[in-house]
Every structure is written in C-alpha cells, then in structure tokens.
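As structure tokens, here come the structures.
You will see two complexes here that share subunit A, one where it goes with subunit B and one where it goes with subunit C.
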Partner chain A sequence: MSQQALLKISNLAKSYGSVVALRNANFSISPGEIHALLGANGAGKSTLVKILTGVISGDQGLIELNGREVAFSSPDNARKNGIAPVFQDPALIPDISIQRNLYLTDTDKDRFLFEISAMGLSVDLNQLASDIELPILRMIDLARALAHDPELLILDEITAALPIDMAEKVISIMGAHKARGKSVIFISHRLAEIEEICDRATVLRDGTNVDTFDATQGSEARIVAAMLGDKNVLATHSTKQKNKIATDDFMRVESLSGGKQLKDVSFTIKRGEVLGVAALEGQGQDLLFEILAGASKPTGGKLFVNGEEVTFHHPSDAISYGISYVPGDRKTALMPQRSIRENLALTRYRGMRRWGKINFGEEELKVDGAVQSLEIDTRAKSQVKRLSGGNQQKVTIGRWVTTGFDLLLCFDPTRGIDVGTKAQIYDLIRTFSDQGKSVLLFTSELREIQLSCDRAIVLYEGKVQANLPFEKCDEVSLLSAAHGIVSK
Partner chain B sequence: MSNILKKVQSRFSVAMLSLWGILFSLFVVTGLVDHYFFTISSIGVTLQLAVPLGLLAAGQTICMLTGGIDLSIAMIATGAAFIVSIKSSSGLGLAILYATLYCILIGTINGLAVGLFGMNPLIMTLGMNAVLIGVFTVGITTFLKGSSTMPDIIIKLSSGSIIDPISWPFLLWIFFGGLIIFLLSKTGLGRLIYAVGDNATAARLAGVRVWKVQLAAYIICALLGGLAGLMIGGQSGAVAMSLADSLVLPSVAAVVIGGTSIMGGIGSYTGSIMGALILTVLSYLLATINSSEAVKQMIYGFIVLTLAWTYSKLTEKS
Partner chain C sequence: MNLIKIKRQSWNIGIVIIALGLGTWQINRLPVFGSYEVRTILLGILPIALLSMGQAIIIIGGGINLAIGAEAVLINCLAARFMANKSFGVAIVLTLALLFVSVCVGALTGLIISRSKIADIIVTLATSFILIGFAMYIQPSPGGGMNLTLAHLISGKGSAFLPPLIVLILPLLIIWIPLYRSRMGIAMFAIGSNKDAAFLSGVNVDLTRIKLYATGGLFAGISGIVLTAITLSGSPFASISNTATLNSVAGAVLGGVALSGGVGGLTGPALAALILYFIPTILLNYGIDPAYSQIITGALTIVVVLAGGLIRNRGKKK
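Moving on to the complex of A and B:
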C-alpha cells in the first residue's frame, strides 16, 4: 500500500471546554482499504468521525483528501467530497417519511431502492421513520450512504444494533465496496468482525492513536491490550461460575400475550437467578420487557410476583414490586441535560410523598455509592449527554442501584460498549445475583449468555422456542433455536 | 488574578454574568437619559413595578421547565383581581379564598388537559384565555356585578413603600421568589419538574407519574398568576378586562432571556428574575423617550428578540 493515501489525518485535536475529546490523532487510509478504528468508550472515535464528516470542526490538525488539504464545513460538504457516514445513532428524522428523509440528504431515490433491494430488504418509502424498527433503520441509513457511492464510507458501530444475519450482510457489503476500489472506516466493538473483514486497525486511547497494525495479524489480545493500556481486564475471560440459586420463584409469567408480537409466553425467574433471553431482532422481546416493566399492557396472560398475582398499570407499579427496567435505548432512560446526580437519584422522588425537601446527605450517600460501585467517570458530570455511551449506560443501571430492586430487566445493556465496560457490566450482574437479586437479560450478542446467565430462554416469533439449561447455552444451540429450529 | 476569575466563574456562569452586564448597562443608559432615575425612590418604584412581571415569570418558569407554557395567565391574573375587588364587600378573607379557588380550578383544568389528555399547552392555554375573556365579559354585567376598585390593604401591599427603596410588594417578591427557588432546587417536586421537561419518557420509565407533575406545575403557575393579578390591580387601583394583557408576552420573554429553555428541562428562576428586571428597566427607558407608542413597541420587541437570540448563542457555547 505504497500508493497515495485516500485520506490522511495528522495531529487532529478537539476539546469541549476542559474535556479533551481528541488529543493527537494520526492515521491514513489507502484506496480500497477497510480500516478498523478501535478504542474504549470515550477514546475519541465518535469525535474523530464527526470531524471527518463535517459535523464539527477540529481545533487543530490537518486532514488531507487525495493529498489536498480539506476542512469540511458541513455533512453535505463532506458528502460532496466523497465521504458518507452512518452514525452510531439513526440519523433519520422520526416524524417524516423515508422519502422525505432522502430529500434532506439529496439522495437519489432509485439508487437508494437499488441498494435496499441488494440487501434483500424492501422498504415502503412513505412509511414514517419512527414506525420502522431500529435494525431496519440502520440498514436504511447504510443504503442511503451507499447511494452516494462514496469514496470513503464511515460506519460508526453500525453492527451494534443489528442481529447476526444483518450484521453479516453489512460485512459482505463492505467487502463489495472494497472490491470496487473504495475504502471503509469501520468502528465496532465486535472483535471477531474486525479480524474477519478489516485490512488494518488503528487503536485510539485517550484521544491519541496508540497502535496501528494489520488486522489479520492482530490477535484479539493485541487489540484489547492497546485499547485498555494498563488496565488489563479482559471481558472475554470473565469467569462465569454457577452460583447457588434459591429454589423459590421471584416472578412467574403465565401465558403472556401482547397483540401480534407475543403469544402465550410462560417462564419463571428464581431469586438470585440470571435468566438470559436470546432472540433475533423483532421476535417480541421488546414488548415482553415493556410489559414486565409496566410500560405496556398485555392483551392476555398473568403475572405473579412472589406467588401473588399482579397487574401493572404504570412503571411505578412494577417498581413498587421491586422490578426495575433498563431499556435498550439509553436515550429513553436518561435526561440528557441534567447532571449525573439528578439522573441517578430521579426515581427516589417518583412518589408524591417524596415531593418535599430533598435529604441531600442521604442522596449524596446513595449517589456516591452507585458512582463508586459502577466506576462512573464523573469528569463531565454536569450534563449526562456529554458522557460516553458506556458511562451513560452505567448511569441507567446505577439509577436502580441507588433505589434497590429485586429483579432487573436489562435490555441489551452492552450494546455499543467497549470491552472494558462490558466486563464491568457482567461483573455487576454477577454481583446482583450473589446478593440474591434476579436479572432478566436480553442480549444481541449470544456469546454473552454463557458469560453471564444461569440459563436462557429463546424467543422466536413471539413464542418461547427453547428453554435451555446453562450447559446448553452455547452459541450453536442458541442460534438454531433463535432461527426457529427445534432443539432436542 | 486568574484564580479569582476562576472562583468567580464557578460561582456565576458566563450566562449569569452577562445578564448582570446587560442589566447594569441598561441601568446606566437609563440613568444618563433621565437623571431622576438614579434616585433611591426611583429605584424603589422600579423594583416595585417589576414585582408583577417577576411573579408571572415565576409561574411561567415552572411551566416552561416542564416543557409547557401558560398563556391563560393574563385572564387568571385579571380574573383573580376581579373576584377580590367584587367580593371584598363580603370580607377580604373570603374574597381571597374565592380568588384562590378560581386559580386552582383554572390551573387544574389546564394541567389535566395537558398532562392527561395530551393537549398542546400553547393551544390549550390560549383557548382557556379566550374562554375566560368571554366568561368575565358577561360576568361583570351579570353574576359578578360589584365594585371594581381594589381593597385598601391590597393597594398598600402592592405599592406601599416601607423605607425607600424597600416596598411591601418587593418584600412579597423576596418571600415568594425564595419559595420558588427553594422548590426548584431543593425539593423532590423540583427535580421532577426538570426531569419531565428534559425527557418525559425517561421520567415515566423511572416510575414518575408525569401528569401529576404537570398538574402541579399549572396549579402553581395559576396561583402565582393570581397573586400577580392582585399586585397589578393594587398598583393601578382598579380592575379592568385588559389588566394583565400587556404582561403576558413579557412574562415569556423574561423567562427566555433568563436562560430557561422553551423546550423544558433546563433553566432557573434566578435567570427569570434577571429577565424581569431587565425588561422593567427597558420599559422605563422607553417611557422616557419622546416618541409614539408604535415606535416604542418596535424598539421593545427588537431589543427583546436580540437579547433572547444572543443569550441562546451564549448558553450554546458554554
């Protein structure tokens, strides 16, 4: 790869007030290269992507495109120069149709539809973006970027929200893009994907590039070591030990159904048990969690907590029975403009009896306890929106640590989170279980089931397809059950 | 030197300092135009005139922090003043009780419509204002017949001076202003007001019954509106249908200038107090200029827009 670089970045830096997001980033991308950009949460990946795509401008440094110095004034400007991104969060406006979203980025409708059908999907252009499920939205975002036929495609954690089949599709699309002599910057926390598809990888730590190497040679260990620096915690080596589980049920779900999405779902969760839920996207797991959390109403079936039948009209009903919910989308759980403290303490004041004067001493004790046990980085504590994704996720879980709970409903808590933080979250779940608390854990990464759960149920088309003991929670069994293949 | 600056910065945000800067420069300019303005008694009168706007802005701050707005505040204020003036013949206590019940009633209707039935707050409260105009227009010639002069004690409380520049209304403002600041920063309800405005979905998932918080916000706003109405009535001596009309937009402007987001979730009453003082001094300045009412209105509007715009730019950066 001695030819001229397509894109070269030198000494790029960016600060937000006193918080340094990017300190000194240097790397280059050749034509026809798939380059992985790696780093723990808060390492500066998203900031770098935003600068490269004209969303924000850097404080210092040089960006060269085909040997010519450039500075992008807007995403539109970057797109016209051949750089098209797919951001971490869907970049479609929810309340307007897909077609109108396409107008906004000046995207050719026919090219878009061509890319969509090449993915094996079909999309109704008149549908509102808000009516479309997250994984499909990600694919629409990707198709929109591809429709501009960019020289450089930037994918920021696109596979994080995707089920396995779609993630594989993205990988093959990247291969095709490369085959046409074009380049990709690929950001992902799934190390297997990096090794499978990428040519080279650059690791960022604390806003500086610390290592660049050929991804094929780069073993998982090298990537992890570079990402974590001194902190040698390996998420993949988290030791899962079967703990003693009490025999009494905490919650029993009987023939639960919800519209067309959930049909006749029954299972039990014991005290101190971590029950995994595995499913491909859209098998009813979203609704199941919402019903258990009191956020949606079932159309049939019964719920029992400690043997007593319960009906939830509002999330506060579930909370009063000790059931807490960590939703999959951090944006639905956090108050972005408020402080870490207010976010953590929010649920303490839910009842009218707590509307009076705040006991600040007690609040501080609880909040500090959560901050410490979850190791939340409080550098940008005044507004939660300034925290990295992993720290935001810790805040959503930490809220329930401050109040206490018996059952934690955790929906894909490690999505888009770096290995170090993932390890912390697994540990946390084990700790909850050791304290006799139950956890219902849905995860889109099947490997996590065996890392953190005692047993698992698999949902397929709104039904419980399989009920697997710990020994059978290997990826093959889970995956085949998730595809509706009956296991024996 | 830089250490001192840092200490000052941690106490007051850049935004708050710039509000002080604007207020101070307006104060100086007004004083240069009208030398009488720099006297103690004139400052007392200005503070006293700022009280009704400050109280209306307090209610508006609470509503806007939840992501709402209350445009029916004009007729809530006017209505409360009418009720007190008419019913004062049967005892002041009873009159104030009636006015309080009236405020709670209107606040409850607004709050339930917005919180439980999902009405847009702008439309709901604007509609409520129109309905109330109708009710009182008919009312004062039929079931609400009576005196339109305010009772003496209210006149004293709304314009009586103690020692210049301290007046009774100013003391009332300090008392209620302190309560509002306490409510927003030191109570559970205050936390929920911010939470609901920042992300109502998140608040609901955390177990908060969002409609109760909105209901409380509109009731508190209506009560403060009623109190402001009595102050305005007391300062002008008599009640008329257009009593509080001219203060509705300034009540919103004061909150916005003070840095509260119209989308909710961020802001403070301290900012709104500064906004109310700035707008009051600005009105005084315009009143001293010899020009037609239309020109004054234009200048006023222009300055308010400029202030709101620069302020939003400032807070964006910090």
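Moving on to the complex of A and C:
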C-alpha cells in the first residue's frame, strides 16, 4: 500500500530467559484496515500484543506509529498514543464500581454510555464489576476502549467466549470503526469471523511472521497451512469415525433441576459415546456440568450410573464412579506454579494411602507417556503457568489420561485454542470413544459438534430444546435450536 | 441504588451495633457515666484506632504492614525523647517533623517492597525489628515527656473529651475522604483487587504502593504522637509494638477490610477499635484476667473473617 502505515513493526523480538516468545516479527497496519493476527498457541501473538500495548517492552526491534519511532512505557502511555486494547480477560477491577473503573482509565462517562447503548446494552455504573457476567464485562471493556476513539483498537480473542449474538455485535462494531478511518488488530481462532470482516491477515509461527495475505473467502486452507507449517493437520477435516457405540447406557440423567438455571433435564450417555452439548452463553450448561461433576448439588431429579442411582456430595464421589471433569477455566484446574509432571500426576494420588509412598519412577513413565501422546510443548515444563493456553488445556485433559476414567466431562475444551491444537483435542476425544469411554462435550463453537460428537443435545433457558442425531448436527439446526427455535 | 449503598454500609452498621451493645454493657457497670468516662474510652481506643486505619489503607491496597506498631513505637520514643521540656512552639514543629519522618519510614518500606518484589509480610517483619532497634537506641528505657500544653491539646484534660474525639475524626475527614475520592484512592482499590488489571488500566502499581505505605506511616506517626501525649513518656518495647500491630490487623479485619485486598474503608476499623477496647475492660470488670481477652479478640477475628467470607460468597453466587 502506498499510503503511510499507521503502525509498522520491524524485527521485534522478546525472550523470557531461554524461552523465545517472539523471534522476528514484522508487519504493518494501514489506516482504516482490519488486520487479523493469527497463529497457533505459543506462536507469539500474546507477546506481540503485550509489547504493542505497553505491558512489556521488547528486547529489540522497531515500532513506528505514523512514521515516528515509539516505545510504550505503560498501558496508559499506549492508550494516550491512540492504541486501546481489549484483552481476553477483561481489565476491569472487580471490587470497584464501573464508574470508578472508567475514572481509572480517564474514560469519558458520556462517551462510554453512548457506546454501551449503541451496543443495545444498559449498564448501572454503580454496580461492582465482580457482580457483572463475563460476556457483558467484555462488552463493557470494549465500550471503554471505544470511548477513547483509538486510532488502533486491539481485540485479543474477544469473541472467544461471547455468545453468538454478542460476537456478531463485535463484528459490526469493528466495521463501524473501520468506516471512520480507524484500524483494528483482530485476534481470533474463529476463521469464519476473520474471512467475514478482516482485510488482511498476518500469520505468526514460532515468533516469526510467516505469511501475510488478503483475507478473502476461501483463505481458510492457506491460514491453516501457514499456522501449522509442515505439520499437515487440518482441524476443518472431520475426525469422525465409524460409530462403535455399545448399546448400554453409562449414565442416565432424569428430570435434573438446579434452581432457576436448569429445568427438567433428561438424557442418557451410552458407553463409548461422545455426546455434544450446544447452547448460547448462560443457558444452564455451567450448572449441568458442575452437578454431573459433583461440584454442585441439584435441586431435583435423579442420576444413574450403570443403572444404579447415585448422589454426589463432592467431586471425589463423581471421580470414584469414573466421572472426570475438565473445567472451562484452565486457571481453576491447574496448579500454576508447579511442573507439568506434578499437574498431570495430581489425580493419581487419590487412591493412595495416607502415608503412602509416591512411586516416582512409575509416575514419570505414565506422565511421559501422556506428554508424548498429547504433544505438549515442554519448553517451559517447570511451571505450568508459563505454558501457552493450548498447552495448559492439554495438561488439564492429560491428567485424566494418566488416571483413567469412564466419562469425561469436557467444558469448552477448545476455547481460545488454535486450530492445530483443536484437531489434536478432537483426535483425543475420538480415541477415548474408541476405547469405550464416554465424553460429554460442551463447546461454544457449534462447528465442533459435528467434528467430534456422535449426537448432541441443545440447551435453551435451562431445558433440553433439541436432541439431535449425528445427521442433524449441522450448524443451522444447532443454531436455531440454541436460539429457542423449535425445529421439525 | 440506595439499596446498594445500604448493602455496602451493612458491615459498619453491624460493627456499630456490636460496639453499642458492648458499650452499654460496660457503661451500665460504671457508677457514673459522664464526659470524663467518654474521654477515658476515647483515649483507650485512639492509638489502636489510628493504627487500624493506617493498616486498613495498606491492606485494601493488597499489602500488609507488620511494622506499623514498630513505626508508632519509634515515633513515640522520638517524641518523648526530644519533646521533653520544650516550649509549645518547638513541640509543634517537632510534631510536624516527626510526622514527616513517619511518612518517610512508610514510603521507604513501600519502596523496598515494590523494588525488591519481596513479599510485604517478609519486608515489614524485618523492618519491624529494625525500627524497634532504633527506638531502643533513642530511648533505652521508658521515659521522656512532652510539652503539657500540646499533650492537653491532643488528649484533652479532665472531662474535656472533644480533643481526642477531634483527633479520631479529623484524619477520617482530611486524609481518608480526599484519598477515597482521588485517583490514588481508586488506584488503591484497584491494585488490591487485581494488580494485573490495575496495571492494564494504567495504574502505576509501584508508585501507588509507596504512597499507601507512606499514608499508613502517617497514621502510625499520628498514633505515636497521640501515645506520647497520653502517657507522657516513650516506651521502646517490642511487646507493645507487636500487640499494637496484631490489634491493627484485627481492627482492620473486624472493620470490614478484606485481607485479600480491594475491599473496605476506614470508618469500620475506627469503630472496630471500640470492640477491641471494650472486650478486655469488660472482662477486667468481671475480675477475669485481661490476658484472656486476647483469646476472645483472636476468636472474634476468626469468626468475623469466616462470616465475612460466607457473606461475600453468598453474594457472589446469586
């Protein structure tokens, strides 16, 4: 483009000790451009965003804003230079009111309220941020960034955990921002969104930009190829195999209720079956998984495992029936300061006698097996918190591989994970099913249902809206049921 | 909106009810209750109330200062050593100078913590020993004094209970309220609530911490001066500073400050000092060794932390 770039970065690099997070990143954004930043987990996207927003400083390289060299000393400094980020975890202070949160970032209240109402939302400024649901909080964070009318808006996986209607709103907001001649850096793992809204896309791999191209329809294959390099795995390719489902039920759920969130939910999971759960945000799926995992108590209904009625008082009860839970929030599942090995081995100590000795030799063997079968990147193995999001997710699943289970409850296991890792996780789920183990899988990406499930139920307002066989698990049917539309 | 405000004040209301209950109990046992007794009660709570407020500011900001009692003892010893037999004018100047010293001590503590990245609890435990060491060097044995006019101006005389009441309320008005309404106040809640989010919102985390420790130091300084005015001497004992520190934490927690940071105010801790004062005096009236009062204070602190946690959790779920 002949036009002067709004932002141009050259040879940017950053290392944490011996771990190279960003090797050599180059790209530029023109005014009025929506630029997608793509890459597998650990490719360096987050590091790049952190440098651009003043959270950390790069080891070397050049950042030019409107042709002038800049280095941002703090997020505040970046914001004053017209760069406003919205991170995956909303940067709102939980214990203070929205109003005071706005004050903290020098955000104009009226402009914020204007942006909020333009989103079709209403917010009580006196509410504490901790009292607000996560999706709304994310929209508030976006409205706060927009209120500064930034030259460059950086959206880091903002749509990852948004319900479909809000994600669409974000897309149209990006379009409006572009129409005013402002630019957006958009990070998302949903390739459809990228094709829909982005002008160009840059793909990072191992901390280096490997490809930049116009993000037109049909660029999906090119994106995936660039992201994965020589690893020729396509997540868009269905890993679905022949049904080998036994006829006997592993678990039967009868008229399960939980307060106002779940009403009269009934379904069965057969041995070796992967049952998908589709729903928009907040339709009771969180509570359903918690109840099945023994972390919450139902207010009504019955649970049967192998035909026997069971009551779970504690997650350990569920585990003793072979039911393992992989929560959606990786942070609640992991011990961030401990090593991969300890995190993987944690659930193995359940059956141990109080003063029993840990057999480290055997533990190492099992854990090494899990690490290999899951292809966990072990560059930062001494502390799990230093792993990328996708690798952390693999550790949370891998822990159950080392222990064994009969039913795995997977809550949105691929949230914020790159396509390559997603494919590995689907493969893993299929492997479980081939071994005769059952999986209950909730995913916020409807396309995944068809890729990995044998059957799906759709929750709407706490009820089972639809019970779809595999042939009917297309995005259209799932989506209409998830919106409460009764399908024939 | 009013409902939200009432909900936020519910903790303070609870503290007032407990304090009033204990107060009535105690007052009913006194043969007479007049302004002299009011002054006695105020003098009893003043040093701890001030320390609790200082501790509260630091805890709200996500830290904890185990040297706050030692800061007060150091100022107490400095004041008693240098203010004895001085004219009123000199004493006033010295008071201001000592408050400045206490601010500097607090700021230095904050600086060490934010620069070294060592946990607050370790740094302040270490500085508490250092400060007590200084105090013992300055005033090796209990003694010293203070200009009587100044002492009476601070602690009152006979039945004049207004001076200590003013000393109790004034810091709330001229330090806490402006702080709460300022950008620094929001930054204090922000770093205590979620340090990373605060940083992303543009808060200078290190500088805010230094300022909070400095403000905490100011409260410790006022407490030290008040202690001198009440006792007219300086006592360099570690036991005094340790008890004072623990009481300041108990006062802050009883006063509704969450130990995890980000939640609380200063009115609660100021009122909680009443509870910490009434428990031992009531026990003493019943002829029970006041040492046992520490058991009750400790147990009460645990109960309050538990109850507070339960209330917050319930609030979160719904």
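Methods note: the second predicted complex is superposed on the first by the 478 of 488 C-alpha atoms of A that agree within 3 Å, B and C clash if a C-alpha of one lies under 4 Å from a C-alpha of the other, contacts with A are read in each partner's own complex, and residues count from 1 in each chain.
The working rule: a residue touches a chain if its C-beta (ideal position, glycine included) is under 8 Å from a C-beta of that chain, and two chains touch if they have at least 3 such contacts.
Fair warning: this is a prediction, and the values are worked out from it, not measured in the lab.
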{"item": "Side-by-side fit of subunit B and subunit C on subunit A, or clash", "value": "clash"}
{"item": "Partner chain in contact with A:334 - subunit B first, subunit C second, else both or neither", "value": "first"}
{"item": "Partner chain in contact with A:130 - subunit B first, subunit C second, else both or neither", "value": "second"}
{"item": "Touched partner set for A:469, first subunit B, second subunit C, both or neither", "value": "neither"}
{"item": "First, second, both or neither for A:91, with subunit B first and subunit C second", "value": "second"}
{"item": "First (subunit B), second (subunit C), both or neither touched by A:316", "value": "first"}
{"item": "Partner, of subunit C and subunit B, that touches more residues belonging to subunit A", "value": "B"}
{"item": "First (subunit B), second (subunit C), both or neither touched by A:295", "value": "first"}
{"item": "Residues of subunit A that lie at the interface with subunit B and also at the interface with subunit C", "value": "none"}
{"item": "Footprint of subunit B on subunit A - complex, ascending", "value": "17, 293, 295, 314-316, 318-320, 325, 327, 331-338, 342, 345-352, 354-358, 360, 399"}
{"item": "Touching residues on subunit A, where the partner in the complex is subunit C", "value": "53, 55, 74-76, 79, 85, 87, 89-96, 100-101, 103-106, 124, 126-127, 130-131"}
{"item": "Complex contacts: residues of subunit C adjacent to subunit A", "value": "1, 4, 183, 186-187, 189-190, 192-194, 196-204, 262-263, 315-316"}
{"item": "Residues of subunit B touching subunit A in the complex", "value": "186-189, 191-192, 194-195, 198-199, 201-209, 212, 216, 261, 265-266, 318"}
